[in-house]
Structures are given as structure tokens and as C-alpha cells.
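One structure below.
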Amino acid sequence: MKHDTRGMLEQVATGRLSVDEALLHLKTEPFDDIGYAKVDLHRKVRQGSPEVIYGEGKSVEQIAGIIDSMKKHDQEHVLITRLSQEKSDALSAYHAHNYNKAARLATVGEMPEPDGIGKIVIATGGTSDIPVAEEAALTAEFLGNQVVRLYDVGVAGVHRLLANRELLMDAAVVITVAGMEGALASVVGGLVDCPVIAVPTSVGYGASFGGLSALLSMLNSCASGVSVVNIDNGFGAGYMANMINHIAAR
Amino acid sequence: MKHDTRGMLEQVATGRLSVDEALLHLKTEPFDDIGYAKVDLHRKVRQGSPEVIYGEGKSVEQIAGIIDSMKKHDQEHVLITRLSQEKSDALSAYHAHNYNKAARLATVGEMPEPDGIGKIVIATGGTSDIPVAEEAALTAEFLGNQVVRLYDVGVAGVHRLLANRELLMDAAVVITVAGMEGALASVVGGLVDCPVIAVPTSVGYGASFGGLSALLSMLNSCASGVSVVNIDNGFGAGYMANMINHIAAR
Amino acid sequence: MKHDTRGMLEQVATGRLSVDEALLHLKTEPFDDIGYAKVDLHRKVRQGSPEVIYGEGKSVEQIAGIIDSMKKHDQEHVLITRLSQEKSDALSAYHAHNYNKAARLATVGEMPEPDGIGKIVIATGGTSDIPVAEEAALTAEFLGNQVVRLYDVGVAGVHRLLANRELLMDAAVVITVAGMEGALASVVGGLVDCPVIAVPTSVGYGASFGGLSALLSMLNSCASGVSVVNIDNGFGAGYMANMINHIAAR
Amino acid sequence: MKHDTRGMLEQVATGRLSVDEALLHLKTEPFDDIGYAKVDLHRKVRQGSPEVIYGEGKSVEQIAGIIDSMKKHDQEHVLITRLSQEKSDALSAYHAHNYNKAARLATVGEMPEPDGIGKIVIATGGTSDIPVAEEAALTAEFLGNQVVRLYDVGVAGVHRLLANRELLMDAAVVITVAGMEGALASVVGGLVDCPVIAVPTSVGYGASFGGLSALLSMLNSCASGVSVVNIDNGFGAGYMANMINHIAAR
Amino acid sequence: MKHDTRGMLEQVATGRLSVDEALLHLKTEPFDDIGYAKVDLHRKVRQGSPEVIYGEGKSVEQIAGIIDSMKKHDQEHVLITRLSQEKSDALSAYHAHNYNKAARLATVGEMPEPDGIGKIVIATGGTSDIPVAEEAALTAEFLGNQVVRLYDVGVAGVHRLLANRELLMDAAVVITVAGMEGALASVVGGLVDCPVIAVPTSVGYGASFGGLSALLSMLNSCASGVSVVNIDNGFGAGYMANMINHIAAR
Amino acid sequence: MKHDTRGMLEQVATGRLSVDEALLHLKTEPFDDIGYAKVDLHRKVRQGSPEVIYGEGKSVEQIAGIIDSMKKHDQEHVLITRLSQEKSDALSAYHAHNYNKAARLATVGEMPEPDGIGKIVIATGGTSDIPVAEEAALTAEFLGNQVVRLYDVGVAGVHRLLANRELLMDAAVVITVAGMEGALASVVGGLVDCPVIAVPTSVGYGASFGGLSALLSMLNSCASGVSVVNIDNGFGAGYMANMINHIAAR
Amino acid sequence: MKHDTRGMLEQVATGRLSVDEALLHLKTEPFDDIGYAKVDLHRKVRQGSPEVIYGEGKSVEQIAGIIDSMKKHDQEHVLITRLSQEKSDALSAYHAHNYNKAARLATVGEMPEPDGIGKIVIATGGTSDIPVAEEAALTAEFLGNQVVRLYDVGVAGVHRLLANRELLMDAAVVITVAGMEGALASVVGGLVDCPVIAVPTSVGYGASFGGLSALLSMLNSCASGVSVVNIDNGFGAGYMANMINHIAAR
Amino acid sequence: MKHDTRGMLEQVATGRLSVDEALLHLKTEPFDDIGYAKVDLHRKVRQGSPEVIYGEGKSVEQIAGIIDSMKKHDQEHVLITRLSQEKSDALSAYHAHNYNKAARLATVGEMPEPDGIGKIVIATGGTSDIPVAEEAALTAEFLGNQVVRLYDVGVAGVHRLLANRELLMDAAVVITVAGMEGALASVVGGLVDCPVIAVPTSVGYGASFGGLSALLSMLNSCASGVSVVNIDNGFGAGYMANMINHIAAR
């Protein structure tokens, strides 16, 4: 972006670009304004990743329109999160896409080959946490990472986790996905020497308070090298892990 | 108690006790009313344990007065919790007692020999949890239990806990004392086959919210056989563990 | 478990077991990995109780698969909690089981004879608390305890509770199940000389905040010998009571 | 008040009062504006009680000025709540008054003779609740009620409460003052046939959350005929009880 | 009750009642144990009011069974709160009753003539608060009070309230029912010289947090003589108001 | 209003108005009492705006009745907020109106021409915030303001906002509508030199806690000149903005 | 700002400004970077108001340094909020300033003459709210507004407020400052036809929860034209009121 | 660790190590048990970083003892967090160390040369957030990273942040430290293409609720690639950033 600014100013200095054109360029270029949305077209350049659409609270027509805008600007890979089965079905009339029901996630375009530094291990406390874990896994795979799934290794049976310690030690990043007491993040954080992204889930009842208990537990983790994303935010964890996994390749 | 009621009614039936006396007896006997407190004198009979005085919010004079009332009724063993160093010093003018500063706990009378079923293991997540753990330990010892201390075995370094697994497996009851994420209860709960009493502590900062995080974490424990007492309630955990440890002896 | 480790190491020392086999054994033995779940097969040995499946958030196929894995390893008694009527119906196609609709609980295999130290009394504040109480009762019975039900004895009519005082005094463990103000735990805790497990329920409206009010009330109980489990966690209370009731028999 | 309005309008109609004077009267009469406070001078007429000054957050000079204003308008009886010992000492230079340190409450003028319908019984859960109870008791006595103190009758030793049942049955109104689990309100509410005012106190620690636990517990009371005032609001309870006790005398 | 206890003891003293019979009597008399409920049969004697059934969480069969038990013991007047239209319809097959859909409240037996000291005025902040107000109104009428309804007089248009000041000044008790900011209680409390019962409602959205905002507002009322019941607890307010209104008649 | 009072008093002084008539006038004039509602008829005079009906919790019949009352008193312009599609359909049988489904808002009477000082710019963080923004926009337009919509300019892509800085600098008032982290208010507040009204929305999941996160964020805005309305309260923001925009015209 | 950008670009286009200089200018001009602070020097141009320093959490040296930077750039009027008496004393060694202890606010430079559209009325619920009100008042006066103080007019004595209705009706903006139940905002909002800024205060105890109760109450205000700032944020309210009061003068 | 296990088992297999010795080794090696603490001696091997001591809640003697244990095992570099000035002074009698008062952080041993992939940029919203930022900065420097400080660039003056965009674009990891509304994380997250670690601070007042507002805001960040640590946890952010910055070097 910085080079663009300098380049444009140099064009102004040499008279190749008028002041008004430069002003316009500075203001309107980086996104496509389609009324209900300002579609970001420079994110790939700026952040190295394709665009992501948050599906909840958007109509199928709005989602389709955003994809239209992207395709018009040569962005062929799109990730849509929190998309219901119904919306996915209706979206098929506009754009071909692959849909994963558990993760409530759709992808437009091909899945890429893994190209990151290492493996991203995704561990869940229980079977009920798998949908959130799959949102993280598919996001990471969509962004070019190799993912290893390690499900149902909650700390109440810590031997299940310890039995997979080699697998954990091999990871470039670990994502821990857990509801209820959320202690998985701390135990894993103490075992590995790589960054751990903790995702609290809303799995549970009573005093789990919709994931609040797991969230607080993870924020208070005594292990170093643990950071936390929003409750049920599998996408955010997958995206963060991808960034870390590609850090040397920037 | 039930036998007393029957016995007294039988005395009434046989005329050995008048109706008015019986009424009076039913109402005034089980405690000594000293105005600001109704000292329970039947607890030892009813619950098998000596009286306990909660020191916070009571003046030294009130505490001394309650001990007076107990001694007058032959209760020589008294436990005083949440007693500040200052109050302990001032109380010395009234009654001899032993004081533990870390646990803020005083005892009147001799400590008994252990007589429970087995050992009570008290584990803490960190060094900062030791004062609460000591409150639990001294309470349990005061009530006749053998206590094993296992401090600083938080789950962020799970090997420290696993290295002491034999010790844990040997316990009749385990008390886990932890602040911050409070995950210790779950991991211990999954390792042992005895009841686990979890004590959240107010140790921590930020999103630990004065122990709330640890409390919620412990209530949501995925391990079976874990129950929880109030934040920093070392006394409550020690008392509960004592009850469980003496259950066969009732 | 500890004997196993030593035994295995002795086999390694005498050459009867290769290093690689030992490593494999240490890691893979204690559970059966069926992808979406790591089925714990040593719990009976380690904790003295059969396996329990938490039904919520698991598909019928997943539940059936876990039971398959258990049966394959000779675990014939299974408890399934938080199972909806619909899932129970669908599960019948895979495994015969008994279903209790109020408690939303299924059992595979015969109910055992009571073999504990004494009786577990389960008291509720009101009629609406009965489903949670039944979850506790059936869990405790499934684990080999004699259960006495004492329903609708809330403290707003304390004579109903006092009239059953003999029954309460007879218990080895009491479970109190109450929503709204949750005061039952304190009153019972003051009457009996055995451990009391308090279960807050989400019964109520307004400032009951889904059981939070009862939970806080129980955690703050002024009675000694009371500990608390999660809101609506009848299973947890039944399991904990069972542990206490069998403590001398370990 | 309504008669005043009519009376004044009649004076306007008959020319005895000018329009401007009437306007002025309507606006300025009912209170004395001393800048930092608008001293209510009609409350005795309007609500049948003397003025009350909330001492916290007011300087000694402000409190003295408000009393000045009252005395100037013939209000000789003043109650000052939440007054620290220091402020009381400093206030002595301005106005003679009686001060109760425990209740942090001062009175100007004589205490009246009881003139209510019946007795107000004030019960506390523990000894630590006495300061709040005394605020309620002195408020009620200042307003002309007979008060009976029944302290340290918490539900964890329910026999202490039952032993005083006759005393409770005799009350016109009962005020229950309790922190921690706050269950006293429910048990008393179920025993008596008169209104119960529940005062949660901030006594306690951990999950008592400054009185929140007791507050929620009292709001969720299963007993009928219980209503609640703010945490530690002994004054409010005493005032409300006084209103009820004088209701037939209005 | 106290006379009964004495009377019975006198019978024991004179041999007219055996000890065992007396014990039995003390324990079983005051309620009818029908398994899922302990029906209180002495409440009318003890508290001067007919029995009330809380309908939520009880099956129609359970409600019908409780009414059966009452009728068998000559209690012909029953109030059922929180009863859905569906349950009311189904209950008709067992017992004739009148049903008010807005208040979700049913009554068995005739409504009595008003016999209290004075009028109970029920004021609401808005139109949406009327269902809770009607629960209070019908409860109070069922218990023998004259009720005056004053709806939609919220403080954002304070002239609507002031225009009805005479009506308010006439009340023996005022019940204020309001959601959102709940300020009605304070303004009314400052206008009248009788007790005010405040009922927060769950009406509202966003930061009303299901009635929490109104609840806190009412608890913090600066007006004296205001006490509070649970969110949406119209019944509780009506019952409390009835108690106050009949206080001189006890 | 003040002139009315004086005028009326002058009429009383000159005998043109009797005392009783004046009293009646003072009390009954400003609203029309239709039982379930007190319809405010002076608001246009008093506050310069037509009446608004909050549709939630009112039946179609009640809403129609309120409109009847207004029309009878010559108020032809009515705004109805939080009206469902179903109620709008049913209301059509009583009164013609325009309905906006996204904003759940209906208007009776013509939309006026803009007559304010300047433009009201309404900015949203995302596409999902548009319904709340439309409630604000239509409210402001209904009250005579020119509205500029600027949607999907959340701070995670701050260039989209900066590209529209001229548009923002031109506003008389800005309304920022955002859920999740709610940071839009702060960034906009720092860019413009006019008042900013912040509306948190309940858009989001997990730790957005129904809009609480955005609400707190906006209240803590470090930018000066930002104030906040209730979660999802588009109407309130539009109304407040209208007041500010017309302030010089009063 | 926009004119600056265009102007600078025009200078670049005509060669009067080099590209590098322009880049530098764009980045470094609008503030003075003094390490621990980036002092905003364009705020007066951009927002029409002098700089404000938030004193809490800054050392006296830091505050003095920021004032130095301002004076160096010809900003002679500075407002410092949340400044303790101690810091004010120490600051005197660096810069002359006026200090108001109640409001904890200092001003550097002369107070200006009022130049706004109309009066800003600041009303408090009680005497204890005056410090926050003074922060608002002095801020507004510092920014060139005429302020009218109306203190201790809480709604529990609504006649005190009504008696000042003319004064309120005269305001261009009203700021209501209230703790406890915070109802003042709603009642005032219903009386006036100008914008109302509500400031909750942390005055109170118990369930006021540090101002949370008043905050929620104000956010839920049923009156239209009310918006809210942070608890105790007198400065924010004064600043917002100033903006509104000067809106026509922009 | 895994190599150790295999190596040790191989020693057992070849008879070089006895079974008992192996058992002992497995259990006691990885830490030094000094009673009140189990000092982790393998962390450097296992996690690639020196040991860290959390200073709060530990006595100076305990801290010194832990350092003793480390030095005895050749760990010469120690970081001590949350250490008060007083404790630092007292610690000097035991061990030489450098102390940073603002960050409340001490280091034993030399600070290393930076050896990470790139720079860690630490940005704060305001001047008051600097202490937490310094804790992060010193931690990262202690672990071998180059740190760039960018203080007082809060979003309410977004030009201060944009002016430093090149600096941000250059970072390998960005740590954003902000209290109040915490929006800095979102704006930075949208500008850069590297991982962002967000640290909420407890700076603020009123509805900042001790950092809760900033915490929620950051968890709800709409920018991708943002994860969050505990309130005021500068150490945790520095440690996590170090892990990410060294990821390619593992």
C-alpha cells in the first residue's frame, strides 16, 4: 500500500496524474461499493489472503452479490462462514460452491495445496466440539495449511492427550477447541513449545453460560504461549494459525 | 436429637416432666443465647464435630464470649477461621490458642490424632494458593484426619502432577485448590477414583474476576466425582473432606 | 495403573517386551480411538465405575459407535445422560436399553443390587425439580446404591422437611436439588451429620437467571459439609454421592 | 397536598391571592432551596414522617446546613444515615445528636414512644449482620415502633429459629437481615403470617459477590409475603416496616 | 400452631394421647404427602390464606392431584399461577375453574368480597406491563382486596401520573409494575405515604437484560417505603399487598 | 405548557374559569385515557414531534385504538416501531400505513420534506447492522431530516471509512451503528466535529453477549462527543439526532 | 483537513512541494510525537475545540510535557480532567492553572465568554452527584457555554423538579447526573423538548454496583431524546452538550 | 522429552538402567521439589525458553529459593513478573537483578541479542497503557526479540496510527495494548498482514469494569488474525509474540 501512495504522488509530481484523479483514487480504489457492502478488493494484496464472507445476517442475494463483485475483480477463491444449509442450497443457484454442514462453511474455488511451515494440530476436548474444530480446520486448509485432527482428548482423561504427545510436539501451531471447563488449552500449552490458539465453545449447560466459563478459563491459562479467540470462533483460530504458520514466508 | 424428643415426651407422658418445662426445654436447650450470638451446643452430638467460629465481622469480645459459652458447656476444642493477626493477638488476653498466620486460623485445645479412613491429599495449582490450602489442611487435621500436602502442581506443567500420581491414587479424598483457570480439579478428577473437593481461589488478576473464572471452570469440570465449595473456602473443603473420610465410622 | 507401568517396565527389563512395543502400549492402550471419540476402556479399573456417555451434542450414530467399542472390550454396563426421547428411539435400532424420559437418561445392561455403605437420600425443593433429582437417583442406583426419594420439601414450608428428619438422619449422603433460592442445601446441611451434595436447578424465572441464583446460594451455604455441582447436574451429584458411599469399600 | 392546591386556587378565585403569587407558591413552597440541596419541608405532612438525611457523599457542612433549614421550618426530629464516626464528631459542633456507631446512624431530637399496630421483629442470620439490623431497628424505633431483636438465627441451625417461633408469630412485620445464602427470608416467610421485609447484606466472601448472592436468593424466595430492599439497606427496611405497621392509623 | 403444640402436649400429659401418636401427629399432620408433592393443609390456619399452586413445571395430572388433596381437606379456594392456556384446557376435565389468559392465572372457587383496610392501586409504566399487573390484581382480588387499575402511567410522561395523584393518595398499598428503566417505583414512592411494592417486568429489549435493569433500578430507589419482588412476579406483589392490607385485621 | 398554566390561572383569577374546572383541566387534558393506554396528545406541542407507538407487547387492537385516539385529536402522523409483518398486515384492516420490513417500522401519514439544519449520516460497521440503521434512518426522515446512508464501513477495513471522510465531515450529526466490537463510534468520533450518536447492535455471537460488548465499547469511547443509546435502539438514535439537527430552529 | 490534503496535493502538482516532503507532511504534521504521547495539534482546526488531557494514569511530568508541546504550537487553552489535588499542586511548578477540587479538573488559560445557542442546564438527582455535575459544568463553560446548575432534584421528590420546569424548558441541552436508580433522565426527558445527555454516577451502595444500575436505567429510558455517556463521565457530557449547543454555528 | 523416554527405555532394555531407577527418573527428574514450589527445570529443553517466576503472592524468600534452585541447575536467565518495588529491594539481598518499576518486572542474567525473524511492534492506545506495554516489551526483549514501541496511537485520533503505517507493515508480530474501548486491535488488525496479539488493560473507569469492556471488544474484533490474552497480561503477549517470531527457527 505504501508504495502505491508514493507511486501515485510521484505521478502527481510529474503531472501524469491530476490532483482530482489522485484524490479519487485514494478514496475509491481499495473496495467495490455495492450499497449494502463495501467489498474489499485489496485484502489479498494487503493481507495475503482471499476474501472471507461472514454469512450470518446477510441474505443469499447479498452474499451472491459480494461474490459477483469479487469475481469481477478476479478473486476466484472465497470462503463463506456461518452459512446455513438453507442459504447454501439457495446460493447454488448463483455460484457453485462446496458446503460442509457440520462446520456451516462454504468454499468457492479449489482447495489449495498445503504450503505452510508446518502442521496445524487441532485438538478438541470432546466429540461435541467437533463442529467448531472443523470450521477451524477447513479455514486453515482453505488458506494452504496441512491440518491434523486430534478429537476428544479432554483433560478429564489426560492419558488420551499424553498418548498423542509426539503428534502435538510436531505441530507448528496447535488450536485447542473446548467447552465446559476449557482446561485443554492450559495442559496443551504446558506440553508443547509452539503457539497455542484457544477456542472456547458454547458446548455445555448450566454454569457454562454459553461458553463464558471456557472463555474465562482459557484467558486465565497459566501456560505461556496461549492466546484466545471468541467463543465458537473456529474461523478466527484457523485464520490466526495460518498467519503464524506462514510467517517466515512473508 | 430424635431420641431426645422421644425421651422428653415419654417423661411428659409419665408426669416426670411438666408440659411447660417440656416446651421450655424444646426451645432453649440446643443453644446458649448470649445476645449477639446463639451458640450451638449440640453440634458435637448432632454433627460429630466441635464448634467453629467464623471470625470475620465479629469483634474480639464477641469471639471471646462465644468461646466462654462453649467452655462453660464443656466444649474445649474450638476452631476459629478468618481471624486476623491483630484479633489473634487481642484474643490471647482472653483465651490461649494456636494461630497460623498464613491460614488466618486459630485453634483452642489440642490437635487430635488422625482417626479417619485414609489420607486427605491437598493439591494446589501454584505457590500463591497455599494459604487457602493451609486453611483446608489445618481444618482437616483439627477434625482428626491425616493430611498430605502436594503444592504447586498446576496443569500447565502436568508432569509435576503425574509424577505424584501414586500419592494421589492413595488418597481417600483429594482437595484441589487453584485460582486462575482452575483446571487442576478436572485433571485430578480424571486420575483418581476417590471424591475430589475443588476450591477455587481468588488468586490471579484481570479476567480471573476474584476467583469467578476458577469457580466456573470447576463447576463445569468434565471429570466425574468433583464437587465445589465457595471461592477461598479452605475451611469448607477441609470440613467436607473430613465428613467423607469419617463416613464409615458414623 | 501404577502396577501396570511397573509390570511393563519389568517386562522390558527382562526382554519379554521390546522398547517399541512398550512405547506403543503406553500410548494406545487405555482407550479405543474411533475418530470422533477416544473411548476410555480403563475407567472401570481406574475409577471403579462403568463408562458414562454424555448424550448431548453427539449423534445417535456416534453414541451407538461408542457403545460398540465398549461392548467389544467387555464393558456391558453403560449409562447415557442427556439423551432426548428421539435419540433414545433411534438408538433402539442399535442397542437395547432402558430409557427414563423425565431424567432423559438411558441404561444399557442390568441395574445392579445396592452395595454401598448406606442410603442416599435425594431431597427436592419442589415438584418441578424432580427431573434433575431423578437423573441423580437413577445414576446412583445404576452405580449400586440404595436411594430414598424425598420430594417437595422446600424451606418455605420447613415443617415438611422437619417431619422427615429421621429419614434424613439415616442417610450416608444427602443430595439436595433445588432451584429459585436454593436454601434447601443450608437447612439440610444444618440438620444432618453426613456430606450434602447440592444441585442447583434452572427451575424458576426472572432473577433466578437460569439457576445462577440457586447456585450462588448453595456456594454461600453457611452450613458446613455442603459442596456443589453444576446447575441441573443430577448425574454429577449421583456420581459423587456414589463415590462417597463406597469410600470404605475401595 | 391536593387540599392545598384546591385551597390556593380558591384563594385565587376570590382574589385573595394574585396569579403571580400563586405561581410562585406552587413552585417554591414545598422545599427550601439551599443550593446544594432542596430540603423537603412537606414530607411530614405528605408522608407522615420526619425528614431523613443520607449522610454518605455529603460534607459535614452540607449536613449541618440541611438540619438548619429543617429546624428553621420547625422540623425538630431528623434521622441521619450512613454517617461516619468522624462526621458525627464534626457535626457535634453544629447540632446536638445521638450517634450509634455500629449502625452508623445519628438522630436529632428525642426518640418517640412506640405507637404502631404491633411489634417489628428483626432477625439476623449471623452476628456479622448486626450492624445492618441495628440500622433497621433504630430507624423503626425513631419512627415510633416497638422493635424486638432476634440475632444469629441463620438457617444452618434451624432449631435456633424454631425455638423463637412464638416470638415471630407475634410480629406485625418481620425484617430478616442476612448475607451469604440469604435463606433466612424464605424460612421465616414460611413460618409467619405477616409481611416479611428481606435485607441482603454484603457480609461474606468469594461467591457472595458483595451481597448479590443473598439478594438473588431473597428475590427468588419461594415463600409468599416476602419483598426485598437493597443490599445493606437497613434504613429502607425499617422505614417500610414502619409504614406497614402504621397502615391502619393513617 | 403454637396452641396446637401446647394442646397436644397437654393431651400427652393427661394420657389422652400416646407418645407415639403425638410423635406421628407432629410429623405427618400439616401436609398431605402425595409423592411428587407435599400439599400444605395448614396454610390457611397458619397464614390466613388459601393454598396457591405454582403451575409451571408441573403436569396437569400433578396439578389436578394437588387440587384433589386440597378439596379432600375442605380447601375449596385455590389459586393456580403461571398456567398455560393448554394446561387450563386440560385441567377442565378434572376441576372447574376460571382462567385469565393475559395473567395466565386460574382460580378454583368463588372470588370473595373485598374485606381489606383499603384499596390496592396497581400502576403500570406501559401497556406491555399489563399481563404482570393483572396477575397481581387477580391475586389481590382472590385474597379479598379491592383493586384499582392505573395503567400506562410511565414516568416519561409524568403528567399522566400526576393527573391521577388523588387516586394514588387514596391507596392503602400501591403496586408499581414496570419494565425498561423501572423508574415508576421511585416517582410513586415519592408521591404517596403508603407502602409501595415494586414489580420489575421483563418487558423491553437490549440492555433491559430480561428485567435486570428494572430490577436494579427499583432496588436502588431513592424513595423510602419501596420494596421489591422478583421480575414478573405479579403474584408475589399481590400477595404481599394483601398481607399489608389485612394487617390490622389479624 | 407554562403559558397554559399561567393562562388558566388568569382565567380563574378573572372568574372566567371555575376552580373545579381548572382542577379538572390540569389533570385530564394532556392525554386521552383509553384504559390500556394514556395517549399523549400534547407531545407535539410540548416536544415538537408527532406521537410514536412502541409496537412490541401491544395487540393490533390496542395499536389501532391508540391511532384512533390520535386521529380523533387531529394527529395524523404516527410512527410505529418494532411492528412485526403479521401485525402490520392485521393493522391494515384498521388504518392505512406504510411498512418497512427490514426496519420493522410503520408510518401513518405522509413523509415530510427535510427541514433540519443539515444532514444526518448513518454509518454501519457491517451489512448485518442495516436493519437497525434503517430504523434510525426512517425515524429521522419521518421527523423531517435528510439522511445519508453509509453502510459496511467497519474499522477492520478503516480505508473504507477514510474514503468517505468528506461525507462524514459534512454531517450535522452522525449515527454509528455497529455490533461485535463497536469500535466504529470511536474512530468516527475522532474524525468529525459534530455530535455522534452510537447504537450498539445485537449482531454477533459468543462474547458479543447480545450487544453488551458493543455497548460497553461505545460507552468507553475515547473520542469526545459520543453518546450512546440502548442496544438495537435505532429509533432512539434517529429521534435524538433529529432533536440535535433541529436545535437552532426551536 | 480535506482542504489541507487537496492544498498539499496542488502544491505537489505545481512542484512547490516535493513528493518526499508531502509524504512526511501527511504523516507527521497532525501531532507532536513526544514518545509517551502523540499530542494532537489539529484538533482545534478539526473539531473546533482545544485539547483535553485525561490526567489519570499520567505522571505530572507527562502532563507538563504535553502542555509544553501544546504551548509550543500556540494552543494556550488546555483542560485537564481527573487530576488529583496532589498532581495539581505539583503541576503548579510547571504551568499556572486553575484547579477545582470537587470536579478534579484544571484549566490552563482564561475561561471564555459564553457563545453557544442557548443554556445548558445541569440537573443532579442528589447532593452526592455534584462533583460529576461540576466536571460537566466546568467543561461546558471552558468550551464557551452558559451553564445553569439545578442540583438535588431527584425523582423521589418530583415536585422539586416540576417547580423548576420553566428553567428546564428554557434549555438548549439538559445534562442529567444521577446515581442509584437514575430515573431523573426519563422524567426530564419527558418534560423537555431538547436533547438530554444522561450521566450515570457511581454514587450509591449495594445493588447500585458502582453505577451499573443507573447506567442500565438510563439506557432503558422510555423517554425519547435521551442518550448516555460512561459512568461518572461529566467531561463527556459537557463536551457533547457543547457540540450540540454550537451546532448551528459550525 | 519423547527422546528421553525412548532413550531411558532403551537403557532399561539393555540393563543399563534398573526398573526402579527408571521409575524414579520418570517421576522426579523434570522439576526440583522445594516444598512450596515444584521448579520446572526442563522448560528450556521442552519449550525453548528460560523459566519465568510469577512474583505476586510469593514471598521474597520463596522467589529467592526458586532462583536458587534454577541456578543450581544451570539456569542463569530468569524473568520475574509482577514484582513490587519493595520485593525487588528485598530480593537484592539474595540475587543481583535488573528491575523495571513501570513494568514491575525483574531480570536475572544478561539481556540477549535479538535473534527472531523480525520486529515485534508494541502499540498502545494511550499513555496510561504504557506499563502493561513495557511488561510485554521487556519480556520479548528478554526472550531475544527486537521490539519497536509505538505509544499513544488510540483510534480516537486514527491519523496518529495511519502516520505510522509503514512501521506497522514492517512487523512480524504486533501487540496492541489498550484499555477503555479497546478498538486499537481491530483497526491495526485490518491494516497489517501479520498476527496481532491484543492485550486489554484495566485502564479506565466506570463501564470499563476493570478491563472487561476492552477484553470483550478485542474478542469480538471483526479483523482476522487477532487473538487475545488476559487483562493486563503484558507478559503473556510478549511470550506469545516471541513464540511466533521464532517459529521458523524451531
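Order as written gives the chain letters A, B, C, D, E, F, G and H; numbering starts at 1 within each chain.
The definition used in the following text is that a residue touches a chain if its C-beta (ideal position, glycine included) is under 8 Å from a C-beta of that chain, and two chains touch if they have at least 3 such contacts.
Bear in mind the structure is a predicted one, so any value in this text is a computation, not a measurement.
S.K.: Of the pairs E-F, C-D or A-F, which one shares over half of its contact pairs with A-B?
M.R.: C-D
S.K.: Averaging only over C-alpha atoms, locate the centres of chain C and chain E and give their separation in whole Å.
M.R.: The computed centroid separation for chain C versus chain E comes out at 38 Å.
S.K.: Indicate the whole-number Å distance between the mean C-alpha point of chain A and the mean C-alpha point of chain E.
M.R.: Inter-chain centre distance comes to 53 Å.
S.K.: Between chain E and chain G, what distance separates the C-alpha centroids? Give it in angstrom.
M.R.: Each chain's C-alpha centroid was found; their separation is 49 Å.
S.K.: Multi-chain contacts only, two chains or more: what residues does chain E have there?
M.R.: Touching at least two other chains: 126, 157, 162, 206-208, 212, 215, 219-220, 224, 230-231.
S.K.: Could you run through all the chain pairs that touch each other?
M.R.: All touching pairs, sorted by chain label, are A-B, A-C, A-F, A-G, A-H, B-C, B-D, B-E, B-H, C-D, C-E, C-H, D-E, D-F, D-G, E-F, E-G, F-G, F-H, G-H.
S.K.: Of all residues in chain D, which touch chain F in the complex?
M.R.: 5-6, 9-10, 12-13, 15, 18-19, 22-23
S.K.: Which part of chain G faces chain H closely enough to touch in the complex?
M.R.: Within the complex, chain G touches chain H at residues 26-28, 30-31, 35-38, 40, 43, 54, 56-58, 62, 82, 200, 202, 210-212, 215, 230-233.
S.K.: Once bound in the complex, which stretches of chain E touch chain D?
M.R.: The contact residues of chain E facing chain D are 1-2, 46-49, 52, 117, 165-166, 169, 172-173, 192-195, 197, 215, 219-220, 224-231, 235-237, 239-240, 243-245, 247-248, 250.
S.K.: Once bound in the complex, which stretches of chain H touch chain G?
M.R.: Answer in residue numbers: 126-128, 130, 151-153, 157, 159-160, 162-164, 203, 205-208.
S.K.: What part of chain H is in contact with chain F in the complex they form?
M.R.: Contact set of chain H toward chain F: 125-126, 154-158, 162, 179-183, 185-187, 189-191, 204, 206-209, 212-214, 216-224.
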